[in-house]
Every structure is written in C-alpha cells, then in structure tokens.
Amino acid sequence: MTHTERPLAPPLIVERWFNTDQPITLESLRGRIVVLHAFQMLCPGCVSTAIPQARKLNEIAKSIDGLVVLGIHTVFEHHAAMTPVSLEAFLHEYKIAFPVAVDRPSPDRPIPQTMAAYGFRGTPSTVIVDREGRIARHSFGAEDDLALGLILGNLLSAPPSTP
Amino acid sequence: MTHTERPLAPPLIVERWFNTDQPITLESLRGRIVVLHAFQMLCPGCVSTAIPQARKLNEIAKSIDGLVVLGIHTVFEHHAAMTPVSLEAFLHEYKIAFPVAVDRPSPDRPIPQTMAAYGFRGTPSTVIVDREGRIARHSFGAEDDLALGLILGNLLSAPPSTP
Amino acid sequence: MTHTERPLAPPLIVERWFNTDQPITLESLRGRIVVLHAFQMLCPGCVSTAIPQARKLNEIAKSIDGLVVLGIHTVFEHHAAMTPVSLEAFLHEYKIAFPVAVDRPSPDRPIPQTMAAYGFRGTPSTVIVDREGRIARHSFGAEDDLALGLILGNLLSAPPSTP
Amino acid sequence: MTHTERPLAPPLIVERWFNTDQPITLESLRGRIVVLHAFQMLCPGCVSTAIPQARKLNEIAKSIDGLVVLGIHTVFEHHAAMTPVSLEAFLHEYKIAFPVAVDRPSPDRPIPQTMAAYGFRGTPSTVIVDREGRIARHSFGAEDDLALGLILGNLLSAPPSTP
C-alpha cells in the first residue's frame, strides 16, 4: 500500500508516563519512526522476548537519527497485580530506559483505552508508526529481529512522502 | 561432611501459602528431600533461570519418590510492588504449580524473617534439605541443571543415616 | 561515505559451487544487494550463529525483491578435514539451500584466494555488497540480527545512485 | 529392575582412539559409572546439544570419583565426509577433551559395528554403564541435563551390589 493508504495511528491515551519528564504525543514525533511496544509486566512472552528486543532497539536507536522506542503498559487482566507501583519496580529491575506510558483504564471494561483504540489482540503487540504518523505495521506476538530490522531500515531510508 | 554435621534447616516463617490447602512445615517433610527455591517475582535471574528450573524439577519430582519442591517469595526490596496480590497473578501467568510460601516480613527491616534465618544473600537462592531436615546445600544465583541433578540423585539414593 | 567511496567488491575466486547449476558472479548480480557469508564447516561460531542467520535471511529473501544470500567456504586451517566431500554432507545435514562457493585454495599459503582478496580476518565474516557491486559493510564475527536487518532494509530501500 | 537384570554392555569395537594414549575397554572401567556418548560430527543435534552436555559432564566428572565420559563416533551415513582426519579437526575445534573412539566400520553395511551391537537408533545416543558393566540406561536424542544428573547421582551413590 502507498503511504497515504496507511491508517493514521490513534493518539495514545495515557494515565501517566515513566522515564520521561514530559508527556509524549505521537504528534510531537512526526518526522520520526516510532516503535510502540505494548506489554504487560506479568506477560511471560513480553519478558522473555519482546522487552529484550525493545531494549536492544532502544540502544541501537541512540545512534540512528529518527528512530524512537516507546513502551505502553496495556493492562487488560490481573489489574490489581500490575499497578503503576509494581510497574515502576519492574522498569527498574529490567533496566528499561525508554519512555513507558501507562495505558488509561477504561471505566467500563477490562481493556484499557489505547489498547481498545488500536485493537491490540493481546501482549506483546508491536506497532510501527511512520514519519507521517501512520501505522506501517501492527503485529501481535514475538517479532523476529531480522524481519523487524529490515522493515525499520526500509522505513528509515525512505524519503518522506510529499502530499 | 557427615550428615550429622549438616546444620538443621530453620523452620519456614510464613505469612501465607499459595498452591496448597494446608500450611507446610519442613518437619512434616522429614524422610523426603526438599528443594526450597527462594525468589522474588521481579528478579530477572529468578524469572529467566531459577523458576524454569524449579518448574522442571517439580515435573520430574512427580515420578520420583521422596522429592519435594517448595518456593518461598522472599521480598527484600520493592515491597509495595511485590505484594501477595501481584504474586498470585505471577504464579498464574508463569504456571507455577508447586506450593509457594510468602516469607513473613520483618517488623523492623527490609529482609523478611525466613530469609534472615537462612542468611540468603539475595535471589535466587536454592536450599536442599535432606531426609533428616538438615541443609545439604545452600547456594546463591543460577544452579547448573546437571550439577543440581547429580546432588539430588545422590541424596535420593543414599540410605537414611541411623543415629 | 557516499556510495562511490565504497570499494568495489573483488570477484569471487571459486573452485566449485554447490546449490546452483551455474557458477555465480557478483557482476551478474548488479542491481541486487548481496549478503556474502564466509564460513568454515568446522568453525563453531559459524555453526551456532552465522549459518542459522544466513539460513533465516535466505528464507526472508524469498519474499524480498533484490536480496541475494551467498555462502563461501573459506578453508584456511584443517584443509584435509574440510574438503568439498565433507562440505557437501554438511550442507545437506544443516539444510543449507542457498548457493555456496568453495573458495579456491592458494598455491602457496593456507589462506584461499577470495579470502585473501577480501582480507577476511577469520570466520564467520559477512560482506554486504550494494546494488553497484560495492562493499557496503564488512564484518568479522557474529552479527546482531536487528542491526543487520536495519542495514539491509536501508540499502534495499535506497534508490540506486546515478553517476 | 534389579542390577542383575540389566543387560551387560557389549564391548566397544574400535578402529582407533583420540584423546587417549591407550585403547580403553569397558572391562577396565568396572567399578566406575561410564557415560558413553555416541555421535556423528555432522549431526546437528549432536553439535548443538549432546556434545555440549558431554563436555560439561566431563568437566564435572573431574571432581567426582568413579564417573567417566567416553565418546564414540558412530558414522552410519556420509562415510566419506566424516573420516578420522575430519573428526580430529572437529575434536580440536569443539575442544572435546574426553577420549573418543572411532566405531569400526562394518564390512557389509553402513552401520558400524559397535552401533550394531548396541542397537543405536541414530545419533545422538547416550548409554550409561553401571559399576558392574551393565546398561543402566540407553537413550536416543537429547537428554535433559536435570534428568541425566538425577540418574547419575543415583547410580554414583548406590553401593555396589554384591553377588
């Protein structure tokens, strides 16, 4: 699909942020590629695979212009077990340095608001947002490092489309 | 050292148990080999290595007479982050089926009471208690599967010492 | 560096090929990105890391236009142990499906001719050749999947430079 | 089964030995537990799993009385690719320090003679020979470290049976 056919990434609906002084919006990141990692701290697949990948990508991103890694803690089960207090200790113990948003709980159902807006099927989920704020890729489950790298390298190299 | 030179394992000082209807005492397990895994749910080394080992050992123990696996959640940091509510979700998500004790907090210091009694240096720690309730091995950090198996096989085979 | 500053990749000097009916030259692959994996069948790092990576990349390359994976068996030690007869069995057992060249031995020294022309320091070595036949990257030892993917994605997306 | 019901381990039928000055017979090892690892140098499962396990066990055996690790190279396919010359380089590159026998080829079929005598189904295969030279365990494929350790610890601890 051409860039303009990609759906616009919905705004993040956030209760609070960790690892950043200021709230972050996707709008403020236009012009950059954003990799958004949705996880739960008690999700085994997130801990064993997706979070190590996000950490590695965040290290690599330090030497690449225009690549940003964000986490979002999308709690949809065991809500009392995964509060922001527990998340803060988790981020510390797992040495997660990139900004992490707490997805805002929904008033009437277990799935939080950003998760609902994006239609995540569970955790881990990975969303790649292109320079224009559009969703270039949306996946559920473990992402292969090599395949993810190819997609990101491709997006990073592509010249911004002009309207 | 001969068996009688081994120190007696101190009693477990427990706030509450998971995965068992009845509280468990080491005394009630005399005649069996007990592998006691001390962990914290937000300890990366516990999650990646020690807990998978304890789970595997618990599976193997089902077909071995006289081998028992117990966990003990020895929270000595991030206390508000690792409450029994969070632990319960953790045990569910990580499919931990063996009995797990919550180490009783100390009134006056961060280290809980069983941890203090055993002198654990941190998590993960593994204690092997012999058939007479004595500490046959006490280790801190990751245990090699092959080395652990050799020790347990040895203990399981040895005839009970007679006073 | 700009593309034209990249050194031209020397021709492959080959004794024989496996997994291809026709000898392959880098010249015939102009317009495509070539990933050249130099290995020895008895090199533990090649077997545990580089060859699985090359195999995975070759699978991914099937659905990507303009990406080609080649192997080259650069025997510089234990020559009698790693003959083409042994290599053929190795390729079969390790299910290596991409074309593999046997680097032509040198008449007067242990290092074979392509290895000498490229200046490989050992195995595994990975060379990325760009669409114009120039060396975009040359590395020795294990390559991180994510980092390799980023570089390849970047090269694949970049428009051909025009002289 | 009781010890005396265990079948006697057939003698090793060996073309040549590596990593030992003298040929080794199972008879000369009576009174010790022998772990016999049957492998082929181009068998991926041997290289990734069984050989690392045998190496680790050989390290552990240095500090345990009465435990011996032996390898046997049972070539039953790709005979021209896995000659003793190639095996010697393999043992060097993979840092295999325990004694390794070359199973003697059969005059009339691909399966070598020790492999036939033991009835190995393929590689890797592991045989545990008890102190009396009887087969305590015979397995095909990857062995779990913890399970193997338990069996060996048990055998090492058991008092020799008296006739």
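Labels for the chains are A, B, C and D, by order of writing; each one numbers its residues from 1.
FYI, a contact is a pair of C-beta atoms (placed from the backbone, for glycine too) under 8 Å apart; a residue touches a chain by one contact, two chains touch by 3 or more.
Composition by chain, UniProt nomenclature: A, B, C, D = Redoxin domain-containing protein.
Since the structure is predicted, the reported quantities are computational estimates derived from the model, not experimental observations.
Using mean Cα coordinates as chain centres, the one most removed from subunit D is A. In this structure subunit C contacts its sequence twin subunit D using mostly the same residue numbers, the overlap exceeding half. The geometric centre of subunit A is 35 Å away from that of subunit C, both derived from CA atoms.
Rounded to whole angstrom units, the spacing between the C-alpha centres of subunit A and subunit D is 50. Residue numbers of subunit B whose C-beta contacts span two or more other chains: none are found. Chain contacts here close into one cycle, and each chain has exactly two touching partners.
According to the touch criterion at the top of this document, the contacting chain pairs are A-B, A-C, B-D, C-D. By the touch criterion given at the top, residues 53, 56-57, 60, 64, 144-158 of subunit D touch subunit B in their complex.
Touching subunit C in their complex are the following residues of subunit D: 42-44, 47-48, 77-78, 80-82, 85-86, 88-90, 92-94.
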